[in-house]
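Chains here go by letter, A, B and C, matching the order in which they are written, and residues are numbered from 1 within each.
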Amino acid sequence: MSIEVRDVRKSYGKFNAVRGVSLRVDDGELVALLGPSGSGKTTLLRLIAGLERPDGGEILLEGENANDQSAAQRRIGFVFQHYALFRHMTAFENVAFGLRVQSKKERLSKEAIRGRVMELLKLVQLESHATHFPTQLSGGQRQRVALARALAVQPKVLLLDEPFGALDAKVRKELRRWLRRLQSEIHVTTILVTHDQEEALEVADRVAILNAGLLEQVGSPDSVYDHPASPFVFDFLGNVNIFHGRAQTASGVGYVRPHEIELKKLRDDGDQWMEVKVTQIYAAGPLVKVELRRADNGNLVQTEIPRKQWDELTFSVGETVFARPTAIRFFDQDPPN
Amino acid sequence: MTSSSIAAAPTERQQGTSFADRVVPTLLIVAALLFLAIFLIVPLVAIFFEAFRHGVAAYAAAIQDSDTVAALKLTLLTAAIAVPLNTIFGLAAAWAITKFSFRGKDVLLTLIDAPLAVSPVVAGLIYILVFSRHGWFGPWFIDHGIRVVFAVPGIVLATIFVTFPFVARELVPFMQAQGNQEEEAAAVLGAGGWQTFFRVTLPNIKWSLLYGVILATSRAVGEFGAVSVVSGHIRGQTDTLPLQVEILYNDYHYSAAFAVASLLTLMSVVSLAAKKLIEWKTNRRPAVLES
Amino acid sequence: MAGIPWKFRRQGRDSAVPGFGLTLGFTIVYLSLIVLIPLCALVVQSTTMGWAHFYRAAASPRVMASYRVTIGTAFAAAAINTVAGLLIGWVLARYKFPGRRIVDALVDLPFALPTAVAGIALVSLYVPDGWLGQFLDPHGIHVAFTPIGITLAMAFVGLPFVVRSVQPVIEDLDRELEEAARSLGANSWQTFRRVIFPSILPSLLTGAGLAFARALGEYGSVIFIAGNMPMKTEITALLIVAKLEEFDYAGATAVATVLLLASFAMVLVLNLIQARSRKFQEAGIAKG
């Protein structure tokens, strides 16, 4: 089912959470709503879900206006950040819940329900935990039960509100890859809310970046990373160095990513190379992070160099070297914050 | 502080530890236990002592006296009406207050607590003002042949008033702490209001609910002042057990009065034990009724 | 939903959770029928009887005497409860001893026991030939049928308020504060007086206030031991009942209004104390 929001707005008292957002999600797509806390991404998700009513604008499901439909009527599946599992029911009963509360006309037989539930538990690799209560499950397992529960009623859309936010880093990474695989298997239209840009870029077909209730940019992960549309997007999606001034054809505020800076021991052809002094070296990990201080204005510059390259260069702290950006984007303003 | 006085402190502290910290706790415990013994336990013992003063046979006779039995029935009937009604109210109020946001919530909570601040005698009086012959709605009821005050309905109403907030006060903070996510999840999965309440909410609140019901029942059974004012004291008809205690006492049937009192005491002890069991099971603190 | 001020979330009608109209509607109707309308009747009756009549009824000598008796004994009872409640709350919160659980349960007995039962039990103990009266009377301490008896009965029903107000606060005290005081050289008494007591004072006052408010309106446990002599040992609650039995509805209403206002005023004061102490705590936490 395709989803479209047109100029949707929502305020809470004086606080404008969503200030006119338009977005389209195609059938079977996985779109990530990315942004800092307070950007309105969770509110937008809840508006699409039917857990809140918009103050203005329309929410269209498969082309039809769904503003007046309740969450259940929209046939959506929702996964909460803190799972919201029914604490006094087993994993089996949790997943079966949506099937058991259906009206007599629609309800499946007991055996059919049992079959569907076990099938889903197998899908999320938790059949052996069917009789366990939420308190007996780990965070990652609980979230998988929550997912199975949402999928049990065969929703047309799957909405996930920071589903991995409460888990630790390693589990988060595993689960996001697992979600990606699952989604490509069952082809349900999915919207994922997250504040973790790494997660969004890794998992989504398209990323929608929100800031203070407005949509800053929508596009594939590559396109938003390589061609950010605004200073906010550039800054949010990774670290950035700021250079004021001119370079060849453009002027304004220059944005350069840490890995887009070349380093050299000896000065080379003229004014592209800046003189810098090495202030810190963080050598742990696959990338070596070097902090440099510019000789001309004393600003700090952050660079990242792959390990292999570093082994060939070998600077030490205090040494004077030369740096040059290999790619610059220009905007009119400094980054927000 | 000079360095020499800092050096002096540890030895002083050691000395302090040995005397004060060993003897004082024991003294305090003994003082507290002594106080409670005289203040609480002696009266308890006295009740049963006086009740059995003339032997078991006399006790049995007092318990089985027809007026007393009628009073027992009325007490139980009153509680059986008042407590469920206030429980339903408590559930509804707690649902409204904790699941939604709306203006005036604080006012509502204060009004729900109001009966706790009202003296029992005043509680009875206000129902007389409404339902008596000279009251607001009294004439309407009397014309239709319904006696409210000085009859059972008045007793039930006054009891409802004094036990009004108990269930709500237990449920509201508990449900607030639990949050609404499970109910939202149930709504998204297609459950209707009643389904959500019975399948999701009720199992989560059962101990708090039971606790509130016990508090309300205990108060409903033992209420004296409010019921005394509205009842008219018609023996065998409008007397509850606590009123019967007063009647027997004022008639100098001391032993019988204490026999009936002992019945009420047993009920109190049972409800107290039930309360404590729930507290221990759920790790909650004892309720302070008015705060 | 981070970043959104709590009070702005989810208006009633738009919530995904159903049942707003039904539950709020029922709540308001039931509240009005049981609590608001009857209380209004009291207020209306009071205001329509005219100030002169009201004053005559609510300030007659006998009524004024009852105020003195009631307030005086309630205050004395609250004072007793403060000391005893602090002692018992402290012992329960800090020390382990055999039978602690039973004692903890026992403290709630005055809450659970019907007031009439407490009333006849207390009077039987303190009459001159009662179990306790026989020791006190020869020394000139007459308890039954005097204000002392009234005070004791009020203290009986008020004790749990103080204990249950102060006990959790003592349990939650930060041990590190005490240890800091000790390490600076304070002995046990100084630590108690300067560090511990100020922290528990608000809850102690709240408990005492609750006990006082309860004692003002207490009826069942007091009327047996009081003697009920007008001008001397007649509490206000009993006076209201006496007027009702004489069918002096207006007089009863006037006095009841005074009693009600006093109780509500107490509750207001208590809420203010709690609000102030909370602000104080929060400021302390913010700075510390």
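Keep in mind that, in the parts below, a contact is a pair of C-beta atoms (placed from the backbone, for glycine too) under 8 Å apart; a residue touches a chain by one contact, two chains touch by 3 or more.
All values derive from a computational prediction rather than experimental measurement.
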- Query: Comparing centres built from CA atoms, which chain ends up most distant from subunit C?
  - Reply: A
- Query: Would you say A-B or B-C is joined by more C-beta pairs in contact?
  - Reply: B-C
- Using CA atom averages as chain centres, what separation in Å is found between subunit A and subunit C? 55
- Message: I'd like the Å distance between the centres of subunit B and subunit C, where a centre is the mean of that chain's Cα atoms.
- Response: 14
- Just give me the whole-number Å value for how far the CA centre of subunit A lies from that of subunit B. 53
- So subunit B residues touching two or more other chains come to 184, 187-188, 192
- Touching two or more other chains in subunit C are residues 7, 9-10, 16
- Task: Name the residues of subunit A that each touch 2 or more other chains.
- Result: 50-51, 70-71
- In the complex, subunit C residues that touch subunit B: 7, 9-12, 15-20, 22-24, 26-28, 30-31, 34-39, 41-42, 45, 84, 87-88, 90-92, 94-95, 97, 101, 103-118, 120-122, 124-125, 131-132, 155-156, 159-161, 164-165, 167-168, 182-185, 187-189, 206-207, 210, 213-214, 216-220, 224, 237-238, 240-241, 244, 249, 252-253, 256, 259-260, 263-264, 266-267, 270, 274
- Item | Interfacial residue positions of subunit A with respect to subunit B in the complex | 49-51, 70-72, 76-78, 80, 82, 84-88, 97-98, 101-102, 149-150, 153
- subunit A residues touching subunit C in their complex are 12-15, 17, 37-38, 42-43, 46, 50-53, 70-71
- State the interface residues of subunit C toward subunit A in the complex, per the touch definition above. 1-5, 7-10, 14, 16
- Note on the structure: As the complex stands, subunit B meets subunit A at residues 181-182, 184-192, 195, 199-200, 203-204
